[in-house]
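Structures given as structure tokens follow.
In what follows, chain A forms one complex with chain B and a second complex with chain C.
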Partner chain A sequence: MVDIIVLIKQMPDLEQVKPDPTTGEPQLKNVPLKLENLSENSVEEAVRLKEKYGGKVTAIIFGNEQSSAILKKAYAMGADEGHIITGFKGNNPSLTAKVLGEKIRALKHDIVILGNQSADSISGLLAGKIANHLGIPLLGNANSIEVSGSTVKVKRALEENNQIIQADFPVVISVTQEINEPRLPPVMQIMQAGRKPINTEAATLTGREVKVLSNKAPKSERKKMVFEDVDKGIAEIVKVIREESR
Partner chain B sequence: MYVFSIIVLIGLLLSAGFFLYTIYRLLWNAVKIPEKKPGLKLQLGRRIYLVIRNVFLQAKLFKDLGGGIMHALMFWAFIAFASYSSDFFVSAIFPGTNLLSGTFEQVAFFTVDIFAIIALLDVVYAFIRRWGIKIKRYQGYNGFEAWFILSLVGILMATYYVLSVLRLDGVSANIPGSIGENLAAANTPVSYALASVLPKVSATTGYYIYWTAFTIHAADFIIFLAYIPTSKHLHLFAAPFNVLFAKEDQAILKPIDFEKETRFGATDIRDFDWKDYFDFYACTECGRCTANCPANLTGKTLSPRDIIWDIREVVVAQGTEYRTRGGDRDQVFKTVIGEPILEKDLWSCTTCMACVEQCPVMIDHVSKIVDMRRSLVLNQGKAPREVIDLTRNIEQYGSPYTIDPSTRADWAAGLDVVDLSKTPDAQYDVLYWVGCVASFDKRNQEIAKSVTKILKKAGVNFAILGSQEKCTGDPARRTGNEYLADMMIKGNVETLKANRVQKVITSCAHCFNSLKNEYKDFGIELEVHHHTEFINRLISDKKLSVKSLDSDTLEKYTYHDPCYVGRYNKLYEEPRDVVKSFAANYEEMEMNKSKSLCCGAGGGRLWMEEKEGTLISHKRIEQADKVNATTVVTACPYCMTMLDDARKTTGREDKMKIQDVSELIAGRID
Partner chain C sequence: MKALVFSEFPEMAAQMVTYLKKQGEVDAATAGSKADALSHYGAGKVYSLNGQMQFDNVSSWLVETYKAGGYDYLFVASTILGREVAGAASQALGAGIIPEITEFQAGQSNAHTKRYFLGGKTVLEEESDSKVFTFAPGIMDAEKVDSQSPVTPAELKQSAVTVVSVEEKQSSGVNLEKAKVIVSIGRGVGKKENIAQVEPLVKAVNGELAGSRPVCLDYQWLSDERQVGISGKKVRPNLYIAVGISGQIQHIAGMRGSKVVIALNKDKSAPIFDESDYGIVGDLFQVIPKLVKALGA
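Up next, the complex of A and B:
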């Protein structure tokens, strides 16, 4: 039996986000939220571990009322319990780790699973900071997870070598996209997910928040030259490249 | 009573008893096991028509001419023999009594006498087909059953003639306890001819010949009767009923009520309805379905015949177990998916409906295959990787593509098209449902542009839904994700209602079928036209004038039928009429119209890799090349994608073009 906590987050669907043509700020209005990619892998892995070894999967998400749809997705995939922590923006990973760490401490946990970096903020710091906050080992960038008794073994692909590392419960594990292919939840579970209770609580934070002052798409100044005639075009392109590289 | 009469009576009673008992067991299965209902409508007129057409006239058999004629003659011989055999057994059991008399007797004997020789020749022809020229679809399927039954039929006919000759010669009339009286030569021309060439026999020899022939004839019939329900010849009984009960809309999928139902799709034999059981019972293993299956024709293991037959065997085995031992239904009825039905076979199906179209006894293979896909997807979340991605895209973006849905109408930029997402109050007569592929795929956007040009030229006041348009749900539906399809369809129905849509034209075969045949189950009745149909009418109404080809052109045209336009909706002539409105140099491919070969994209296969065997689209493009077509015309973005790829990957880029019907016309109306 393994008690697993999976940390998930919601994010706007990046395919549908367009920068405002005048300000360069992303237009987030009407963009649907989705379960962040690696969070989906994390839930999948947590559920697979539960299916294999028995136990319980608890999902925690920062968010608002909208997040219940995301949490229900985790339920549909097989999570047993879910907590929404509201009133927190989370631009400072240290603070985020603190809030999450306190919540985790209050719950039974053998393994804490999360993505190694989220698709929107890409800091990659959270796993380490949570492990640090809880004072437990971090097994980072896992490609596979294996449990025996109260020991957990993790395979990780590093730049030049493949590593297998091991630690005793409790641990924090950050996972990569390669760890699994997230499932398509069966309909019965989707329908049952709608009826499962959701625990919501407000974040109690102490600490300094990082403010985002500006978030703009970089300006790219393309020359937009189109050469219809291939033969002439090649000569032109060569000329342009020569001039530009000077 | 005579000894022979008693033996015949006992034999017949035993055989009939066994026959009825077996039928009872099969019907018991069909009544007691299913947990779903077929929801048939009465439709008496249609049913009578079907039985006359497909049973008595054997109409669907003639799709394979040789086998069709053979079977029809055999069938009619059996009908002819029904009255003769009744008369035979009445006379055999009660010597001196006859069932038939007068004109009726004369007609009955005349037909039987003619059909007996036809049936005999038929038996010989059947032997030649199966073991002589070895027709592919028969190979490896119940050779013993075929051999046995053909022998029984042959012997029945041969002994009939022996008995008839003896009757004509006046031999049998003198044998106590025989069936009887003398026959009139004029009523039995074939027997008479035989009697005139065969040597006359003495009374004693005649006596022995008579009883030998009589015994064999009676025993043959008795064995035949008992054998029918336990073999593929059950179709003698089951097929006529299966035709009678046939659903109006074969291969059209039915919704699932997610609020009420608890078993989704078909997992085990409980999930098929009693009409499906008749499908299983009616199967004769003739193999026409498999012989026309695009997947099977290109080296995949999917065989619609095996799907039906394998489930039938499961029904018989598990049905017997449940009937004799009872017990927990969950224990007795084990899933059919995996064993004997392979998952990969279920995913190989393009839902092209060639099997359904071919089946002489009106079995619906496609909806069963989709039902088993539903079981995998809805109950276990199991599907090929590409299908899961497809599903995610439809869920997230409302189309099979990972493309921002707000860009759906970008193809129409600068074309001055009324977009109801931007001008919701615009007045219009017809909605052009563009479909995802023509909206987002570069090559297929040409179709959307061409349709637009044609409609504008003909002065049709039309509009598009723009970013409000979402996937019709067809790819999700055909890949078994009814839950998602249900969501998409309900969303679209709301949009269509909000925009007061009544009349729709669409250039996508799959959208066409969904909107026309499947949306009514979700509470909206629309007048839906495929663009080929609509363009054809614009041409015949002289709203468009199409420039004909220059006489010295080397262009040669052929038309590829999209399954969901042709087989699903029976539009075979309209697209051809459009092509022929300007092009004289036209030739049909080897497989066309109702026998057309699928492009390989239906049933969600457009988004799946074709790993097993060879590519269906390659086979199709080769067929087009065989008639030296320079332009292959089609009428569906799916077909366009497949054939255009096949043209390139088989190195035919320089000598062949793929064109949508709309593109052809759009280029000739300036």
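Up next, the complex of A and C:
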């Protein structure tokens, strides 16, 4: 039996985020929120571990009033219990780590699973922060997870090699996108998920301030000379290639 | 400003030293076996860390050294280990952290930084009292200096994580970060067998072959060391030829630093054309042979 906590986050559907044509700022209004890509892999892995070893999956999200739809997705995939902590005001990894860390401390946990680097903020800091906050080992960038007794073994995919690393409960594990293919929950489970209770509380902690000076789409300063006439294009491009590949 | 930088890869630590030393004094730490390689880039001191590097022992060494050495800032190259280490160190220091920065300017009390956000869709310009930063790789070329930095060995503590085994990845020795010309393929190539039809172009331009995330990770047509993008290599060649790449933002974020970009794509509305200097709309397997022929003429 393994008590698993899975940390999930929400993000705007990036495919639908367009920069404002005049200011260059991202238009996030009316863009639907979704369960962040690696959070989906994390829930999937937590549920697979439960199915294999028995136990319980508890999902936690630091979000806002809109997070219940995100949590219901985790329920539909197989999470047993869920907590929403409201008060998320923007990307602030130190505050997120503290808020989540305190919540994790209050719950039973053998394994804490999260994504290695989220698809929107791409910061990848939370795993190290949570592990340090809780004072427990981090088994990072896991491509596979194996539990025997109270020992967890993971395949850690690094830039130049793969390592098999292990540590004893409780541990934090960050997972890669390659660890699994998240399931599409059946309609029955989606409907049941809608009726499951959601625990909501407000965050009491506050973080230090980061002043955002600007947040704009980078301007492309490329020449953008696009040829639909292939022969004409080749004539032009050959000159450029000769110049640049010398 | 006094800065401490760390990367397990000396070439990345060297890039940070080169970038930061214009603003102050910089000391750098890397893996023990590679420390000598880092001693030619103008760091005040090079620390050579001995022991099995994990997130906990590296971060605790950095935190102790940062405090004892009176450093103002800690910079860590954004790698798998680096992000874990930076997260843990900032938490232990109770210091603010800004990830994935591409620019840094130390101010009076605050630091001014830039980074990509929303998966690379926007650039976030921020000002904060953060003390820890992860640096996006490939920000600039490392520049050697005449003098040599003294190397100080340091022992890492035992980690709570046990390494059971290490399996080296099959490496073809490709180094996209150093390539002057890159031909990068995307889903538009269609299937693995079609790569053979792109190879004459790679040869004709004397380039390295690279690919987008789907090509390298999802379909595994190419090894992951050839992946360009926000989760792969960040490259800055003189010439980047995108073949059948639609131009997802995650890919653009890995090749934005290229000097000249050429795109070949059959879809006229592919976003890659907005990020290109020159583009040809057409069937890849008709355009490439013609292009190769023209280059040979």
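Just a few scattered comments:
Everything that follows uses one rule, which is that the second predicted complex is superposed on the first by the 224 of 246 C-alpha atoms of A that agree within 3 Å, B and C clash if a C-alpha of one lies under 4 Å from a C-alpha of the other, contacts with A are read in each partner's own complex, and residues count from 1 in each chain.
Note that a contact is a pair of C-beta atoms (placed from the backbone, for glycine too) under 8 Å apart; a residue touches a chain by one contact, two chains touch by 3 or more.
Predicted model only: the values in this text are computed from it and were never measured.
Once the complexes are laid over each other on chain A, chain B and chain C both fit without any clash. Of the two partner chains placed around the shared chain by superposition, chain C is the only one that A:S214 touches, whereas chain B remains out of contact. When the two complexes are overlaid on their common chain A, residue A:N116 makes contact with chain C while staying clear of chain B.
By the touch criterion defined above, A:P19 reaches chain C but does not reach chain B. After superposition on chain A, the vertex angle at the CA centre of chain A, spanning the CA centres of chain B and chain C, is 110 degrees to the nearest 10.
By the touch criterion defined above, A:A167 reaches chain C but does not reach chain B. Residue contacts after overlaying the shared chain place A:I4 against neither chain B nor chain C. The partner of chain A that touches more of its residues, comparing chain B with chain C, is C. Of the two partner chains placed around the shared chain by superposition, chain B is the only one that A:E181 touches, whereas chain C remains out of contact.
Chain B and chain C never share a C-alpha pair closer than 7 Å once the two structures are laid over each other. Against chain B, the residues of chain A that register as touching in their complex are 13, 15-16, 18, 32, 34, 181, 183-188, 190-191. Chain B makes touch with chain A in their complex at residues 258, 264, 377-383, 385, 388, 391, 396-397, 402-406, 481, 483. Those residues of chain A whose C-beta lies close enough to touch chain C in the complex are 12, 14, 17, 19, 24-26, 91, 93-94, 97, 116-117, 119-129, 131-133, 136-141, 153, 156-167, 174, 177-178, 208-218, 220, 222-228, 230-231, 233-238, 240-242, 244-245.
Chain C makes touch with chain A in their complex at residues 9, 54-56, 59, 78-81, 83-92, 95-100, 110, 112, 116-130, 134, 159-169, 171, 180-181, 205-207, 217, 230-231, 238-239, 241, 249, 256, 259-263, 268, 273-282, 286-287, 290-291, 294-295.
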